[in-house]
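In the part that follows, the structures are each spelled out as structure tokens.
Common to both upcoming complexes is chain A, partnered first by chain B, then by chain C.
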Partner chain A sequence: MKRLIGAATALALMLPGAAVAQDTIKIGILVATEGAFAAGGADGIRNVELALKQVGNMAGGKKIETVVAPTDTTPATATRMARKLIEQDKVDIILGPLSGSEGIAMRDYAKTIPDKTVINGISGALETTWVDPAPNFFRFNLDGAQWGSGLGEYVVKKGWKKVASVSADYSFGYTNFLGFAVGFCKAGGELVERLWVPLGSSDYAGVIAKLPDDVDAIYLGMGGTDSINFLNQYQQAGGKAKLIGGSIMADPTVLSSKGKAKDALIGTPTSGWLANDNPAPEWQAYIKAYQEAFPADKRLPSPSLFGVGYHVNALAMIAALNEVKGDLSDGHKKFHAALSKLKVKTPLGEISLNENRQASGSVFVTEVSANADGTLSNKMVGRVDNVTQTLGMTADQFRAMGLPSRTTPDCKALGGK
Partner chain B sequence: MSTLHNLSTRHPVGTIVILALVVGFAWLIFAPWPPGLEQVMGRKRVFLNAIFSGVTLGALYFLVASGFTLVFGLMRNVNLAHGSLYLLGGYIGYGVVDATGYWLLAFPVVFVVVGAVGLLLQHQVFRRMEGEELRQTLVTIGISIVLADLMLWYWGGQSYQVLSPQWLSGPITLPFVTGVRPNGQAVYLSYPLVRIAILFAAIVIGLAMWFVLNRSKLGMLIRAGVDDRDILAASGVRIQYVFLAVFAFGAGLAGIAGIIGGTFQSLSPGEDTRFLLASLVVVIVGGMGSIPGAALGAVIIGLAEQIGLVYAPTYSVVFTFLIMAVVLAFRPQGLLGGRR
Partner chain C sequence: MADVLPTVAPRKSLLALERIPAPVWVLGLLLLAMPAFASNFVLFQIFGWSFILGMIALSLMVLAGYGGMVSLIQMTVAALAGYVVAILGTSGVTQISLGWPWWLYIPLAILIAAVFGTLVGALAVRTEGIYTIMITLAIAAAFFYFTRQNYGIFNGYTGFNNVIPPAWFGVDWRQAVPFYYMTLACAVLSYLAVLWMSRTPFGLALQGVRDNPRRMAALGFSVTAHRIVAYTFASVIAAVGGILLVWQNAQVTPGTAGIPQVIDILVIAVVGGLKRPIGPFIGALIYAILSVFASDILHAIGMSGERFKLVVGLGFLAVVGFSPDGVLGLWDKYQARREANRDPLLGGGR
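Presenting the complex of A and B:
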């Protein structure tokens, strides 16, 4: 009898707990909060908060609970933190990561947890959704190669036909550079020299000395504090060449830094997934919501590429949860199907995925310009619509080019010099 | 001179090899390179720049690490909050320069403020746990985490650069030939002036420290304390005051290094651990507690980082730790560390 009462009590105690667990969905935000992209990571967290706040922390009729798992941009830490999210925090969905090589690690980790879901944060390496993609990894942002579209053609049109490059030596650095180089070489440009520097380097003096003098412009494919350190030392070394920026070189995280290093960027064309001054009403509404949600000293003047990525991916997650009414009980099968077919309304227009669960969309070419009050912002100078994962080529043509690396793409094979 | 003479008679081959290396290195730096060498090594400008950047980066590491090593040498405490003092100094320096516009003014202000923080740390924290190494280590890790979060709260996550003054910006021309134009005119190396100034300042501070340690009464006390703290205390010296002075000085130096680091690199959350790690490596390579060791270690690590970045970017991160591992394997007390 005693045992029976005990069992009943235990059951009674367990029941409400079980009911609560079903009413909440736990999200793990995997985001870099240390290293070169710390400021971008913080903006990512802000933007997930914003997306959840806009729906009152509810999706599919369930309460959304979040756990932040901080990483340091290395794949090893990302995997460790993801494992912690799944095994200890028991999250249902991982939202992240931020950095390219972390994304590749998450693709592989996602395969080991088929009945959970990984939705990308803003990582942009091509391989993540191109080489042997995981069926439960979804990326609603464009990848680094897509972000580079249009920039190469634009600078050749400006008359900058001879270019040397310095980029970060990891998967996103290669991918983002490939996007630029494909357009640049096809338009007849000449890549004189490609230099690669480790992610998170702080002293670039030696590399700056290596830059050739007789070029029209220098392509810089770095981000976060790496960009700032490079620009600071480039100015101190008396560098005066024209610059071309990769997609995170002149991001709001860089343009809002304190000091004059960023001034070297004035007039620098870059390209990416967003343009601050995009007149589209949904984009303007988003900027306004972002600026109202956080006090001015706790946010960037306008959302960064990192922040927008986390925001859009969070929006997609919310929309898909609404579609399946928060039902993840079948090992996420319905949820995966909903994500794959989703057409989600975002600040960047409607986004849907291809067969690799990778988004297509518009890319903006922008130029850094100085505002009247001395701050810098990106002004839109062009856009390319419907940029696909294969950059408008067929899958075979794209594959023939090889995966992004230090030496790929081959500029001559694409028609450049 | 006599030791040099002894060395050359005892190890004639080794001496010749070292002399040849020194002469060869001097030739690499001063002579214009023949085209064959340029094909193998790249342009001379690149090589010279890597060497100079390595030495100036070493100067910065030296400033951070010398305080660290001095404190360790005297008090045997490993202050793992040293990196936080560096970052704090940089942020305060930024504030001073931003408010007043005087770069040089930041140095005394930061030295005093961060030195005072050091005083507080020594007086309130370390004094209470003298000789308890594990406790000190854990407590300093804790302090560094708390300081890092406080700084993140106050200064935010974005990065800062300290504005260098007009008279230090831009490059200067140094009397090193990097190449010869077709018309026979020599091309000289142009190099950021601010880095030369930092190198110069580090040398002056290093020499001053050496003189104070080896030629002054305070230095005598410190050296005596390094060798045998208990006897020094027993002979009537108020050793706690010496500790306070040394700790404050080391902290102030880390703060000054923060301004310098903020001037030619940048300040952001995470820099504290980066510089803590750098000073640990420098001190392990150079020898715990030795100022000349810190200088040697700093230059070696700075050069390894820069030369690695230029000639083998993929492995540049590994070089630093490789050097540390080699030193630990063959000379565990560090290159200039004494046996204890």
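Presenting the complex of A and C:
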């Protein structure tokens, strides 16, 4: 019996992935389903499903099949699962990944599969499309630095000129903070102290004790379960400072969490790629479609940043497939060209790519507010249009500033204190 | 399997070859011919990864099986070797990597990892049982957090990417077939080395130390020295595995030796079986198959793929539940039952 099972397993392993029929296109969804961003990852899968459902699972005259490859936000797992998608499941296009370091790993992996295509999920590391980008990696969402635009100017205008920061100690944390800091310093703000906490921490007592008292506000650049843990411990420690949120600090995955921790966020300005109450009709239609597509207990009250990212990138993929009539037979050459030139209509307006295959677009400044029924949501208070990869600087100026890190950008060099 | 003699004098070689049992021949030929019928993914990701994990788990098997010491530092030793390769060799992080030639950084990586493993061993051998586990786990956790926070040498959370093997003989060793043979060769060599070690006077003394340290001390053997040397030996195997792992992933990050990965090595060794050196490789193959295909299994039975860790965990629980000695223990039970059913006078089954 044991031998039989062994033989069956061996046989199953040896079989090359089932031959893909000509009239289907296989999509691999690379998404984090464990770790700090598990809830966001699940929303990503939902939103790809939604995008495909809206076109009846057809694009360019071909049927779309999907395979989900779960990751744990580490680059090693992302590469392994991407390899499985390409080599074992024989997918044509990878849609993903979710987190910044995974994105950089996928940029490197994409170069080894030049006749396939990687379209980002929602990973937001600047380096992915800025440093030595891969010709077949396309990102239709804004990167982490772009998401931070507008927030710095907004808080300075509010009169919060002395700020300390606590952010996640990894590429997205640096990148998202850089977007905030560039605007903040240019507007004359002062960064008193920058503190960094490891991704996925559960104990923030040390860093909370280090926070200075004489500041106007504290910038928090965390996300997912980290946000909730931090806020819990911050409240228990009696923290009362005004808060400024990074782009995933007050995401719907956090605002819909259980418990009181999230109440500390009321009145917190954040900035990001979306605003729930954006009055634009295409956005309202999207929210309605999202809420109708899934029962209330199987979805978030409104789509998360992660979900929107996967949705928009999936829409771009569908549009480009339609343009080439589903023809990928030339090693994806026509498909790549179509993606590069694409002007895709999304819930966030029309999006197109720059020469690095990176999107430019609008950033929304929002404030967390309490609804009548006790739930929290983001209220739009401002909007910056046409934010480019270089945050409005020239490429040389942007390069001279250095890549995002614990100490970049230098606030004084930008005109701050 | 246990009858393989790795080193034999030329005159006896025919005799020794005859003593190798038929299943070993079959397995050997099967492994050598694998590229003829397995897909690249299976070669690179399933078998390549299994051989690598198997080597790292093998280093734990040496300590636990022959030395009676359960060490959780083996994955960390492997990751350190990988880090040294990335730091001294070439990687995508040009401001840190030194770009030295391979004949310098590979021996240095093994040496540094072995020294590190020996130092940890020197600390750990003074403890017994659960305390050995705790002290090695503590050092492993410290290493993980240190690499994640240190930007000057280890490049923090991001680690190193684009770490690829040197192009020996003009071959791209990250292609599926060359990589398969490279890892297979390393795995077989370390397997034979462990088998050989277990029969040397040192290996026998080590097993004596495991069974009765007091008596061995009374016989004049240094218990501490034997245990520390076992750590050194195991670290060399783990270091080779670590270098291969970095080449396979083309990157090394703090997550390479995170706490889950450290525990995984223990799980692999226990599931495979700690009694013989083949056990860790069996455990690694099961682990690699489960972790790559678990989400497909869930989809096949109509569940959401998010719960893939559940399948991995249930698989391991099942193996350990049925057989405390891992998969090897199951095999031993089967053999024992066959022996018991044999007629003592006439032979053959009853």
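A few remarks follow.
Convention: the second predicted complex is superposed on the first by the 397 of 417 C-alpha atoms of A that agree within 3 Å, B and C clash if a C-alpha of one lies under 4 Å from a C-alpha of the other, contacts with A are read in each partner's own complex, and residues count from 1 in each chain.
Here is the rule we go by: a residue touches a chain if its C-beta (ideal position, glycine included) is under 8 Å from a C-beta of that chain, and two chains touch if they have at least 3 such contacts.
Please read these numbers as outputs of a predicted model, since none were measured by experiment.
Superposition of the two structures on chain A shows chain C clashing with chain B.
Of the two partner chains, both chain B and chain C are touched by A:34.
Using the contact criterion defined above for the overlaid structures, shared-chain residue A:42 touches chain B and also reaches chain C. Of the two partner chains, chain C is the only one that A:76 touches; chain B does not reach it. Contact with neither chain B nor chain C is seen for A:296 once the two complexes are overlaid on the shared chain.
Once chain A of one complex is fitted onto chain A of the other, the partner contacts of A:104 are limited to chain C, with no touch recorded for chain B. When the two structures are aligned on the shared chain, A:84 is found in touch with chain C, with no touch to chain B. In the superposed model, A:372 lies in contact with neither chain B nor chain C. By the document's definition of touching, both partners, chain B and chain C, reach A:169.
Shared-chain residue A:198: touches chain B and chain C both. The superposed model places chain B right into chain C at 129-137; the other stretches listed in 129-137, 165-173, 219-227 or 273-281 stay free of clashes. Note: residues 34, 38, 42, 169, 198 of chain A belong to the chain B contact set and to the chain C contact set alike, using the contact criterion stated above. Every residue of chain B that touches chain A in the complex is listed here, in rising order: 42-43, 45-46, 48-50, 52-54, 56-57, 94, 98, 156-164, 169-171, 190-195, 264-266, 268-270, 274, 305-307, 309-310, 313-314, 316-317. Residues of chain C touching chain A in their complex: 37-42, 44-46, 49, 92, 145, 148-149, 151, 156-159, 161-162, 249-251, 253, 255-256, 258, 289, 292, 295, 299, 305-306, 308-309, 330, 334.
Across the complex, chain C is touched by residues 2, 9, 13-17, 33-34, 38, 41-42, 68-70, 74-76, 79-80, 83-84, 87-88, 101, 104-105, 108, 169-171, 198-199, 405-406 of chain A.
Touching chain B in their complex are the following residues of chain A: 34-35, 38-39, 42, 169, 195-198, 201-210, 224-225, 228-229, 232-233, 235-238, 253, 256-261, 297-298.
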